[in-house]
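The chains carry the letters A, B, C and D, assigned in the order they are written, with residues numbered from 1 in each.
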């Protein structure tokens, strides 16, 4: 395990429970962080030099939870040293880097997985199941809102920080690939990256996606609407209960005035159903899946390719945003640049 | 009163209560609609020929609730016949038409008012009071969601149907004028107007606005976030109570890890306050204001100029949407075209 | 129609739409109230002397929306004059009176209906359908909360004002009859009737019901929980949507620690389903049903007998409340007293 | 620390962070549970014989998280061995036992504290502050609902399991002492303790309290209403945000019809304010307070006396429940029995 900052402790906790802390080695640049980790997991080996982990033949796999700018270098070295790699999202700082990691993992026959954690939640897996089972009919739109309480970052803009979650969910849930992006946004603090952004993502046909991400909201919101010709979904990750609601009716072509009136005064036009959602911690499922893929030499659900697809959109959105919404086509063949 | 379709009965009911139904004359092309109106208001005069109303010297003012494509012609004739005019939103089908009505009203010294009804709700008036009183500090963004349940229209797209409400609210609440628009959207029914749209509206400086309008949502949503440097507002028109919530804290520049952690797990960082909102029916307030402006020869809060500003954005957004988000500058001097 | 106070106008409006205002006669003691009614319904006959209505051979039926203390006298006279009677809830001020009305209606073969309006809502009809269809399994409890915002009455206590609604719903929904009542409550204004009350209603077996009614709450609440061995219902009348939610699981006898833990941290243990609810105005359905029963000589769903059963519990609860919860047995054969 | 079942691990975790795990000794009857604890806290001493802890002169204080039937014996021995004692709620199985513990602690000058954990939450402390600061005016009622999802216990009824929380909060928040109890409830599983119960608690004057506790609800609810002559509080422990809402208006004596109508259609009659709540873990605050009281020889906020007051009501309520609500007077001088 490399990196014990904000997210690393969650990974360590889950790896400790899945494979045992005595099987773990941790590196971090900060001796203080290592001391904290050591207190919780006395059986775990620690070092400030991650090169030791990469060089250690007993180390089979490397999990990387360091700043995004370092993902590519560390992951590439790890792959070249014959390690399987789990890297935090986004997989790399550019699509060129992401493509490079995929190429290396393929060539060296190592597992390359990206930590698209939301994909491993019960809610998102249920949504994927409903969409893949064609319960929604033709998908018309994917609309999500992910807004936060003024927690600014200085290294990346809000798209790279928050939209990465929604893009990884969308990549998993929808069957089709996007072809272009138009994004707008701005920064409210001089010299800082954009803290509010709106992404429209175009697909072939009439499917459209839109993300609203914002570091500066009065309330936390996590809501996704998925509209289909047969059914529609409201996915609210903050609901203690009923995270996924499925609504029976899509478009109402019926134009008789009475039913039109009922829709005007009413709130919906069919039954609603909220399936029970598996509440297993997503990171536990993710870590277990990583171990499973190594043992069985299988491709992870969130392999390097999904990491690349997400980074392509992040890049294109940042480009479009700097030009006030000018559309940027997505090259789905190679790296964006 | 001209037009007794969906909205007309609400206007008639309020005019009947404010000035008395015996002072009302109603015209509609449909004798059936007139018969219905007559049953409710036997003292009201009715006709299928609105020209009679325009020609009648006893008629002081005309309220127009007809399809938007007819607004300009009827309103212009009414003004030229010396009538004061209240016209439903949007004021006209083009900014050129809107400018023409303003010019005529100014020249003929008649009251020209547009039915931006939300401006007359207790909630929006309270928000305006808070913003104008500088309670929010510098305004950073205005973000609204107005989505409906599959009630399609065939004559106009969803921007002209739904965004017109948010634009009229925004025009009333914010002090500054927008300078450009980028919009995206699509139609999911072949040959029909766009049923989903996203508008980003740029202002001078870093203020940004965004509207999401959608005819095809599983649930009805009416939520606006207004972010300021000092306070933020959540305005949810569907809350039975607490339509307007004011949150104490804006950006948190404090970066100490403990408070950062609390924001990550918490939901907000200051007190919240939900002022009591006047629940008087907005249309009653609007109709009363129209009568008042006629009697006192005052300019209405929602005069022709606000109608024009809103139509300019509607036009620019439709243009931008047809070009997948290409920015369209707003000419704030004259008509858009 | 006798009585044009708070509720009367709603009845008149619905009768006007169902049978036409020209077929209506209205009496009220106040000429001012009659003038208001006349303005809205010029074709309706009005009088300050309700005796005229009772004496008029053209009047087939009488609807009574006067203070509860007058229900018995007016309804009895109406029945004796050969009229069918719809009387507002509660049907009478005592169970003896209620029994008297039933006896008279039976003897004179007239329709006697009580305005248990909630029984005619789409939500309550859906609940009844679910319970009667044995979807919930054995019913374990019925728990309702109906609290208001400081609207005190001087003539009756909060049980007679608010619990009457819940008792009428319960009477309609549950198959079994209650056998005893224990109630507590108090008044917070000297000399005024109790403004807060709690009723426990015992049935044969382990079924138990409980009502919380309160005139002095900070928020309006209208929530009923119905627990069954197979499914449970949450009925929240204030939800714009999803008024009736059905939960899949009842008691969890499974005691394995993992599932127990999930219940501790989770919010439920099965699917939830919110059926679409008919949104027709309840009073319209009620008035239509009254007319139907007269035409077809049928017994109403909310006949005098349901009115009597509700009044018996109201009486017993008031008695128990005055003795701090001492249980009062319900005589289900005759009048309470 | 004695007992490492459901609650013990939470206590150990907090003690480990407040005083360090090397200063902790743990006993539990199960070697398996001790092994789990040892894995997490290798520096902590463990034993299956709690007598060792009581006999150890280095042990200053004992925290007891064992079944309630054992509280009295263990706590009494600990006090007699000169230890300070923190005992989980309820403090003992009877009021006689609770009084015995208080007497022993007083005589031996040891700290005796009961784990009324809710008292140490930010929400309850804020409510106490508002009540004690006379912000609510005269308190009229305290109404709470605490319902769960089918998690049955076999050793105690639902009152001892759930109402103990509300009683401990009420004891802390309200200034006055209750004088009588009327409770009703039932069991829906043959041979099992009551799983649903309703408690009315009478005070001198018109203050009244009511608790609804239920193991068999379709949804989890945790809501308390506190009504005062000046302000009212809604405390919802399940709200991510806004756990405590303060409403401006209490009783509305104003009887003008217009304001009455607004209350009928509206949802409240004044401003609402949701103060920010300290989100520090309650158990951390509780453990810190226990350590503080030992060091400073101070009486805890939740000392033995509060434990006794709560047990008195639990006893009285169980008595009353077995007699279908017959009122049971509370002897506030000595033990109940």
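Operating definition for what follows: a contact is a pair of C-beta atoms (placed from the backbone, for glycine too) under 8 Å apart; a residue touches a chain by one contact, two chains touch by 3 or more.
Here the structure is a predicted model, which means the values were calculated and not measured.
> Work out which chains are contact partners of both chain A and chain C.
Intersection of chain A and chain C contact lists gives B, D.
> Can you name the chains that touch chain A as well as chain B?
C, D
> Weigh B-D against A-D on C-beta contact pairs and write down the one with more.
B-D
> With residue numbers as the basis of comparison, which of the pairs B-C, A-B or B-D duplicates the interface of A-C in over half of its contact pairs?
Answer for A-C: the repeating interface is B-D.
> Go ahead and note the Å separation of the Cα centroids belonging to chain A and chain D.
For chain A versus chain D, the centre distance works out to 41 Å.
> Measure off the straight-line distance from the CA centroid of chain C to the CA centroid of chain D, and report it in whole Å.
38
> Return the distance between the CA-based centres of chain B and chain D, expressed in whole Å.
Roughly 52 Å separates the two chain centres.
> Touching two or more other chains, which residues of chain C qualify?
Chain C, residues with two or more chain partners: 219-220, 240-241, 266-269.
> Okay, in this complex, where on chain A does chain C touch?
240-242, 248, 262, 265-276, 279
> State the interface residues of chain B toward chain A in the complex, per the touch definition above.
Against chain A, chain B makes touches at 140-141, 143, 145, 147-152, 180, 182, 184-189, 196, 198, 200, 202, 206, 208, 210, 212, 214, 216-220, 225, 227, 229, 232-234, 245, 247, 249-252, 260, 263-264, 266-269, 320, 324-327.
> For the complex, which residues does chain B have touching chain C?
Going through chain B, the ones touching chain C are 40, 42, 219-220, 238, 240-241.
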